[in-house]
């Protein structure tokens, strides 16, 4: 096949790079199968009419003006490898024309779920402070060091949000025989039941769990929905693990609930990132901190490229994409996460 | 039923206490169903002939002289709630007479497995030092903090020893889709295969795993069997998690392997406990420490009492005990763990 | 809420009925939440402009002319409870306007999978003819009656097609520790791997399986794709279980393969239904027959109503449907199953 | 190693044969590792003093007189490959001397469980009579043929007895999401809970199950314990599947319960085997028959040899057998199954 017969891809994956999201082998396959026009997000509008007219795919989330989109008559799918949906392209027109917009953020589900489980076990067994005490010669041996220790096995677990991350977490919990309740108003109860968890109200999840995992995205409606009242509803001594976005939580209220000794908490996300050097959460006892490291593993980024290739292969054969997650008309405008500015 | 018709139990559970191993409800049931003669381990020999002759059960691991045992004509089972088998009673005579000797140590399997999994995830994600850095305002954000991070999901896992603890660990791993190899010369390969793991030689487990969990008991034959050569066989950067007994490891060699950067490690057990204040493991980077806290949770001790009651009920009905673990003629003399002196 | 404020539903579920697809309780809820205009499929075009303009949902698969659709300005979703997609409405316009077309056929996955598993076990153990022999006093006892018997546990299993039905079957197989290979060109390999099965070519599935389950839909491209060559590739004595549509198989070739003794087979579907009285498959030894009974259980039909209610609730709240299966632009025109004429 | 240095095995496996229980490869390994003295069960007593003195193992269940046993000073284990424990050797002396008596009957658990599951599905979907009707041109199509059809998925299941067979059955059910209750008075409730089933009384199991599987062995205490009252307690239309021994059931009462239409039933075992030609169960509608074929698969017999080799290997290394099932002092005298007279 002459190169010019290959399908054309506009590549503008910033802030990712092709080297970040593809293994060398996958990148070689990508380059062998497609004509790739690499540009910056801002450069898309300036591409030639020929390039725009021939482009079958976009990799990235560049701003697309309606008139640019009009010229892209062969476009079939936008692969948003950043994963937050910015309001910088005419989604309605894309949907109306049957052009898929897909995100690859599900690659983060497994690494985030692993860190979330690790955080829960750390809170349950006080691993960080026990190691610090050991370094300082102040460790307590055996049962004496376990006054507040408890098991995750058999515990009451609550999960808020049951997208890819909630499901990954639920899978990791499968060996722990937990009783798991889930609050997710975007899903019908029967899907939760099929996944072996119990659908529950937010209040029930908060008030009847030993461990509460928050994996819900921020939307235009749920900003700060977990505040003072929510934490007060939690069981004394329960653990609160925040994995998705700081925006869903009233952070000062969370800190108060931990400071008072009512709950313990762990978080991978913070109201400002990086966080001010003098932010009080830095030294708050009963709080385990992680600097937005839950998902950003190299292996996760590399899986993005695999997803892109698998879905391009399906679309090339006239089939719909099945691997990435499709943006939905109904919810695209509700998603309000800030875009990432670092990988 | 008049009290004197109840079966008689000699209770000498030191270093445990009845309050440690029974919940209040279970203890009430225990006292309602049995006549309980409480004594110290040393006091057993001094009990009256009547008490010895009527005793159906012993709870504890008191020294029993052959002539004392001869008087215990109704004895059916010794419930060793300490769990290490000390050579202080005539096991051969007990076995020959069909008196069961059972241990309740399996209650520790679940809590130890949870801590072991937590340790593995901590090593994989460097959670302790990341939290310390955060406290000090030196944290690295996102991918920058994940240079050495990796997943347990999909990893090659090795387990050395597949008793109750190895099985509990394997169960916790069930959601991680690991490829798990097990070395346990005391088990036929087919039992390992039935448990979904791959039987392997010690060398294969060491050399082809990203995470190696050591859960084997110390025996007269395997003291210090994991030394310099074993650690050298491990993959560069692999994690070694020691959960059973320090005696199976050449501890200085383990520290050398960590110090050199070849592997990272975590341990719940140490050559001396408590450990000298100036022991170099206290500050060794790449080593996660826990002061023999893995199993000693109150909930685990309480399950011992439940096990004792369930097995007494079976034996009372003429059935063999099924809940506790029976000591075996072949292996009782091989077990060489030091008895615990604290709970 | 006054009745006229309730969302309007046009109900034309023929050949189903509301009583078939709703339990009495679900139907009561349906009637309480919606204004329901019941009509025949042909009656839709004759509905008043007001009804058309207000209709939010259609239950059924009535013919819809473009000009009728134009009047349905509030339409949000067509609930096709028949499940085969007939080319009787302007799908492109529906998709372009963002109106969902969903099917509820996944309710059949579980009952069909159960019958499929039962058929496989029947073929493996020759249950029908053994019972017949027993009735006639000709049974063979013990091992003598098991000359050709084999296990499903641990067997090589092949599945052709991995939609809802393939997944339901795979779930039922989870206790059997089979090695399962799947051929499904519409899915990326990684999704198969995540489901614990091995992606494979059609030839590999056929030639390396002890049991082959066919659960693929008929499309415009795969009619009769399993013929003489396919059966010849199968292992001697293997079992072929046809569960989806007779159209994917060259039926005479299948019968030949069974007649020759090369394979055994079972089928729930036939080239004509009902089948001619003198059709040779009726008495073909080595062939297990079921008269399209696999899915048509009352409990399955009743679940359709539950699905409809759950998805209406989501759409009413501005969310996309999650429970039913959405028709896809890319594949709607490829589906070529004959509509059912009986439930 | 000279042949005379090999451990000596007395082989008297009747009614099995070495060719039945060993694959050719396993038999070659057996012969290479051991000196095998083959004899009939009755011939054991007549073996030379040297052979008796040197024998480490017996394969089979020959009668052993106390004086013969006294000469067998090196005996370590009797491998009873018939699996029912006949009272033809001094078990107390064996146990007292620490000689293991093990059975290999667990090889039948998997094939019997598969047939049991198949029977349940056959009763739920009426597969046999539907195929017969199809042969005769009288089949009912679709829902019309499913008037009494139901699902196993999600059903209430009861299991009576939870030995190897009950556990194998429970494993096969794992994909069916059943609510499973178990009655087994020989096991502590916590072991049932650990296996994911609910401990229950016999009455609860009978009265609250859609499918009741009987997998309990006959003992001196439970002969015919399932009679008229038991069947009357069952749910109308429930299915009763008998897999272990006919002796636990009052067979005429079972037939009455089926004849009256109260329940449906399947059985692999019968009061007399072979059964009289005019026995009324042969033509009883609602009853599915299997001529004691559930376990007797060649692959099951061959696994016996593998078990024997694995356990001999452990015992040769000074370890206890772990693969086969040990006879217990407490229960050996309670087992009352008739020995098999055919394989």
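Every chain is named by a letter (A, B, C and D) in the order it is written, and numbering of its residues begins at 1.
Basically, contacts are C-beta pairs under 8 Å (C-beta built on N, C-alpha and C of every residue); 3 or more make two chains touch, one makes a residue touch a chain.
Here the structure is a predicted model, which means the values were calculated and not measured.
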Note = Farthest CA centroid from chain A: chain D
Message = By residue number, over half of the contact pairs should agree; on that basis which option among A-B, C-D or B-D is the same interface as A-C?
response = B-D
Query = How far is the middle of chain A from the middle of chain B, if each middle is the mean of its Cα atoms, in Å?
reply = 38
Inquiry  = Quick check: how many Å separate the C-alpha centres of chain B and chain D?
reply    = 34
Inquiry  = Centroid of chain A to centroid of chain D, CA atoms only: how many Å?
reply    = 51
Remark   = chain C touches at least 2 other chains through residues none
Task = Using the contact definition from the top, classify how the chains connect: line, ring, star, complete or other.
result = ring
Query = Which of the residues in chain C end up touching chain D in this complex?
reply = 110-111, 114-115, 117-119, 121-122, 124-125, 127-128, 130-132, 134-135, 137, 139-146, 149-153, 171-176, 273-274, 277, 282-283, 288-293, 296-299, 301, 340, 342-343
Message = Considering only the defined contacts, which chain A positions touch chain C in the complex?
response = 95-98, 185-191, 306-307, 310-311, 313-314, 317-320, 322-323, 328-331
